[in-house]
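Shared between the two complexes below is chain A, which pairs with chain B and chain C, respectively.
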Partner chain A sequence: MTAKEPVLELRRITKSYPGVVALNAVDFAVYENEIVGLVGENGAGKSTLMKILIGLIQPDEGSYTLRGEPIGFRDPASATRFGVGMVFQDGSLVPNLSIMENLFLCHEMGFRRFGFLSKRAMREAAYSVLAAVKVSSDLDIPIADTTPAVRQMVEIARLLWLSKLYKQKNPILILDEPTTVLTESERETLFSILGEIKSQASIVLISHRLQEIVENSDRIVILKDGKNVTELAAEHVSISSIENMMVGHSFEADRYREDEQVEPGKETVLRVQKLRKRGAFEAIDFSVRRREIVSLVGLVGSGKEAVCRCIAGLDKPDGGSINLGGKKLPAGSPSEAVHSGLGHIPIDRRSEGLALGMTVAENVNLLVLDRLKVAGFISPAREKKNAMRCIEECRIKSPSSSTMCANLSGGNQQKTVIAKWLSSQIQLLVLDHPTRGVDVGAKEEIYKLIRKLAHDGIGMIIMCDTLEEDIGLCSRMLILRDGRLVREINCPPYNKPGPSDIIGSIV
Partner chain B sequence: MVAVKRDDPADAQETTTVRRKRARIPAIFFAVTLLIVLVFLFTMGNRNFISAYNLNTIASYAAILLVVGLGQMNTILIGGIDLSVGGLMSFISVVFVVSLKTIGVWAFPLCIVVALMAGFLNGNILTRIKIPSFIATLGTGGIMTSLALLVSPLPVDAPASTYGLLEIVNGTTLGISHLLLLTLVAFALFYVILKFTTVGRNIYYIGSNIKMSWMSGIDIVGTRNIAFVLSGLGAGIAAIMLSCNQYGGDPTLGKVYILQSIAAVLVGGTALTGGTGGAVNTVIGALILSVMENGMNVVGVDAYFQQSILGLVIIISVALTFDRSKTATIK
Partner chain C sequence: MPNNVTSKSSARWFSTSATKGQQLFRRSGVGGQLISLIIVMGIFAIGTKGKYLYWANLQVILSLAAIPAIIAIGLHQVVVLGGIDLSVEGVVALCVVFVGFLAHNKFNSNDVGLWIIPITVGIGGLAGVINGLLNTKLRIPSFISTLGMSWVLWGLAVFVSKGQTTPLLDSPLRGFVNGYVLGIPDLALVAIVLFMIIQIIQDGTRFGRYLYAIGGDEVLAAQAGVKIDRTKIIVFGIAGLFYGLSALFLAVELDSAQAITGNNLLFPAVTAVAVGGVALTGGIGGAKNAALGALIVTALNDGLILLNVNPYAQEAVNGFVLVAAVALTIDRKKLGFIK
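Showing the complex of A and B:
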């Protein structure tokens, strides 16, 4: 740790929401030219702290100082003027405007020539600004047509440019889960660029991937339950010790609960025959048995996502058949799929998995309303009873069954989605990155739930965030490459292949 | 198995008991408070405001507005809107009185069926042709307004021979007016549909998150159609009630109810974005608007001022009742 004066210092920040204290007297400082890793479980207060840092929300108590001067941020615009800005998880650019227009959005006044905006001046500035983040793309293409990596770089470039505009010497960039949308090589580029930017700025890095935090930050700040746990130099720490401090209890050695992995049943639940979709994948055959967890593995573009979307009825395949429990599913109808006993846990739970503005009870009971009826009408008593059972069974951390889903943390929202399918009579469940953006503690519980589902006789198709997770969870693995099924590997408990055995088939 | 400590149920309980600093006040509370304040102010202005006679006037105005509003509410809950209620009411009004002369009591079911069909048409333009309901119902509303004028360009009086039939709405049973009873039945119907049936729940699911609803196998097309059918039903019943009350049909009778019905729904605290609100909210909303309309006349507010005061009250009450926590972008 440096003895230097911090650039930005937050002291004893407290923020509470009805029912929860999100931050409890948290201290946070950013020094010059450093990368600070900020870690903590979902609900630990990271996001709240960041929102306070950029003026999106106001703390109840506490003070902030910038280079010793007490200041206050009314809104993100005033934070920008002091050189503090954030690259959001889901991007904050305007999709239908071009890269250049986004870069200078709302700050075009400097490019006025004779009262009109000079495109040429903007273009020149844009090239030099983007060179710093190694983007050499056409400036006129709309943001919607660019890759997530480019968008991220444009946001970073914009923040750097703005801080220069407001004459801030050492801007502070906050990156919230920057790597979730990136490919392996894009990740490497990002971190090499961040390493360069470090010479003129400070970076706050938030990520669930502890590996990249440890590798790339100078200092790590750990939050737990809205309080500071500790702060340490990144050089000599191990990932497991950070995990321990975040969660407050040790991980069991068997993270994926291999001891609970059950032997697949005899009966076939799902049989996919000659399923194909042009431009996504070629004719594919496979089946899933009862109690079996089949993992689809492959790079982005291997066709695994498209296969799952076709099975769930969200996309229409060009040919082939899908049989669920001996019954042929009509193509492209999620409603038919659901009613035949197929569940789907989408990757984006906020926009596809939940009615955020409705209660936990209303969400988990969606599929079983008919069972909760008395004389043809939904019974509030039965509805509550079923919801309480789901909350208990899936360990959803919610104050009550009538809590709105928007007020739950990511992990608990995901458990709510799982509970919804669990309470209906499904035969097959498609899990699309079930632990995406979920903290370690909740991950462990989701693994436990997956094991329970298998134990109850449900067949599963799963796509995971990491290869390790795929191997740990599945009983059989299907590897796809360029839209074709290239390899099938059995993964019995305690006799699983290592990632190195598999990676060769994937790439 | 080692239980994961942090998810102990007792732990979850603990977080709820921590300092409840800004507990959320339900939208309905503000709406009810506003209503009480308005009644108090108007009573201060003129004692006759709470006379039995005047309360009766307010009730009959509120009854009509409430029934249209209850229908309208369904389309707003799914995230749509029904601008055709005005045209439909006008059309039903003249069809009702004209057919009353020829087919007698059968005019009642005929008009209800026509209203349901109009709603079904609106729903299908949205769900099959995929035109936003704002545009779709603006169009059908216009068509029905002109159809009303084609049926009868001028207001028609119900012939005295049919006054007996009009007693279905205008009469009283045990001293309670049928208008009030019919309104209560309509309220109960919409309340039960929304609260205790699958269709009602699906309306909320779709309004809250249509993509999730589609992926969970909810019948999006059917539910949206039903929401518009319910809106047609509300407008149809309201038009019949009003025509009976006025002993005649009027081809421009529905005009004021387009915006009034939307205002009643929103003032009660149902969000224009869909997914939140309900029948009770609409009752309070309809009462607020009716009390305003009537109260300003009773205390003698300049007629030219009335519209601006009404507009102001609508803005204030939506500002108070709109539950921002339920819109996804603001947490």
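Showing the complex of A and C:
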């Protein structure tokens, strides 16, 4: 690309796990003062590559050069001493320690006075370090009580400070999906700060939001199936061309599979009457029929999330009734809801939707164990058979049915959650942002699964990441504003309203 | 990027400052514990028509609280790490038997004089280090490794001493152990000094920082570069040193050495740790919590004795207090599930 020497260069890196080649002779370089966007589908090898970069895992083959010297890191702690550090998606700060303690953890030598740590010196340093990333906060708050945005900035500040401490010019910061946990305005601030940091550091940006990659990076590297696809300058690149290179084939013109959208049935599955919750939404009435996908649309604070939580039994409404298949659901009981045939795919699949420490088979069979019993005991053979059927039907990319869910990519975890509900006999499914944090390829497959669920007779309530996705998927749309149902729009296939027809009702 | 200048000036990240409640229950907060101590003492003061607050009784409380406090100050650091140390009784039994063998006694001609202090404390420390090694190198959960150690050491103590009681002869420490400075029992002063040393280490040194980092999240702490195994072994070792010291004091106090001296030491210490507000989930609570916990538990039992409560009922009260303390101090909403 440029004539300059790269600060960091990986050459022909190969890493395989039993059954999968995660990286196959991948080259990756980072130059001074740039933001590199790293994109690829889930499972394309981005995370593996970054983990090798910081020494969390070791490559099988390949060379690693930093500032002209060959190098290999034993662990992330030694990588930070050489100015290479990563801000993880889940955060890597210790929750019970304060902001200040986390900033300097393990590198407090400079603050020792007569063997004891000088709080005053640490405080002064912390203020100046945090000012660079625009955090002004009580330094003694435990990290657990701060917002994700603050945590992220503290991590960035820590890495910058460490590179100065160990006199490393031009540190390399790796940000893994930094914006998924941020609000719109926080996102803007993050990128303005990254723009400033660029003058003294290089940044590797991993994101599924191609828009922000194109807007903020100087160079884009695309991985697919553990191989380099290409790298290109970020100027004048269209998002659709990146998408094509990531997936390897062009999108079908119809992303949302309108041709598979089925006519809703006559029977009402869910009837919500005069449901209300103070401070969240006012009395609302609506119903969902068999095979119908009803999309709830509205801004944050419109009350749509609270409505879904009340239906799923996670929140207790102040009044009104919820009828599922003619039976009244008790308020505020998620387990009763599940027993009555209501499924819920939460926004945070890691903590709510899946048992990450259990295998794919255990997860998909969780709700149908009764059906797998032979003479009162769960039959391993039946269990395996059912799991394999689910894996195949839902196209879960997993080495085997006994793989731990924690080892699957985000998209495949989500497919596992859907498979779990698909194999149990539910009447209604609430989907809370089912494609959040999932790459384009997996998104398509999730859309297909949603169509399949509808085809099987399940009614759905869905909240999507984008308005376009809502319109594309749903058969009917309910628009909420300030806790009130303001408009209802039918979305039959091939006759859908455009976003511009709707946006006026939302804001 | 829209208008860089405005976004720069408005680009302020912030987090809410801590609430009163959070401040009260911060890592080493003792507000709640002080209040409960005052309430306990107030109730007994009324119940005994003021007798409870006589200086003589307060002296009794201080001297009774000393040994549980020393043990709890050693033990609580293991709990802060996220583990547990159940080896107290075995360690003390073995140390006491060594005191009976090496100090001036009725059965043999050994007399190591004041060397008995480093020897006993050293044996305790060694046992603690073994606990640490079992936990870190063999990766045995501390719950099991220390429980096993307790029985191994207890068996060893009984075996070596043949179950005998060895009377001690004019121990050079007798005066100190039973003495007072300005009306405060010497052992209580030792407990206070140890508490201050550990508290200062926890607040002001890198070791202290690592202790809490491991308790908060061991994996993340390791990623940041904390030497996990070393820190853990030191913590178990310190706990052992404290148990050894307690064993020595107990033997001198009783003027005799027998393995059963170690019995019934674990429960009060664990109760003290829990009542003091050290979270059993790790990462929260410090030496002051352990010391204060020991004081609360002792003050409670002393009051029950003054009120002539049936001793069996007293034990039931203690069990209730342990469970209630854990129920009140752990923020169980954050745990998600309980193992």
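Before moving on, here are some points about what is shown:
As a working rule, the second predicted complex is superposed on the first by the 441 of 507 C-alpha atoms of A that agree within 3 Å, B and C clash if a C-alpha of one lies under 4 Å from a C-alpha of the other, contacts with A are read in each partner's own complex, and residues count from 1 in each chain.
Following the convention adopted for this analysis, a contact is a pair of C-beta atoms (placed from the backbone, for glycine too) under 8 Å apart; a residue touches a chain by one contact, two chains touch by 3 or more.
All values reported here derive from a predicted model rather than from experimental measurement.
Legend: residue contacts after superposition of the two complexes on their common chain; A:314 is shown touching chain B, with no touch to chain C. Touch criterion met: A:117 reaches chain C, while chain B stays clear of it. Legend: residue contacts after superposition of the two complexes on their common chain; A:390 is shown touching neither chain B nor chain C. When both complexes are overlaid on chain A, the residue A:378 reaches chain B alone and has no touch with chain C. Shared interface residues of chain A, touching chain B in one complex and chain C in the other, are 351. Chain A contributes residues 56, 75-78, 80, 92-97, 101, 105-108, 112, 115-117, 133-138, 140-142, 144-147, 149-150, 153, 186, 188-189, 191-193, 195, 215-216, 351 to its touches with chain C in the complex. Put simply, chain C touches chain A in their complex at residues 1-2, 4, 7-8, 11-18, 22, 26-27, 200, 204-206, 209-210, 212-213, 215-217, 220-226, 283-284, 334, 336. Taken in their complex, chain A has these residues touching chain B: 16-21, 60, 247-249, 252, 312, 314, 334-339, 344, 346, 350-358, 362, 366-367, 369-370, 376-378, 392, 395, 397-400, 404, 406-407, 420, 441, 444-445. Against chain A, the residues of chain B that register as touching in their complex are 2, 4-7, 9, 11-13, 15-16, 18-24, 192, 195-198, 201, 204-205, 208-209, 211-219, 275-276, 325-328, 331.
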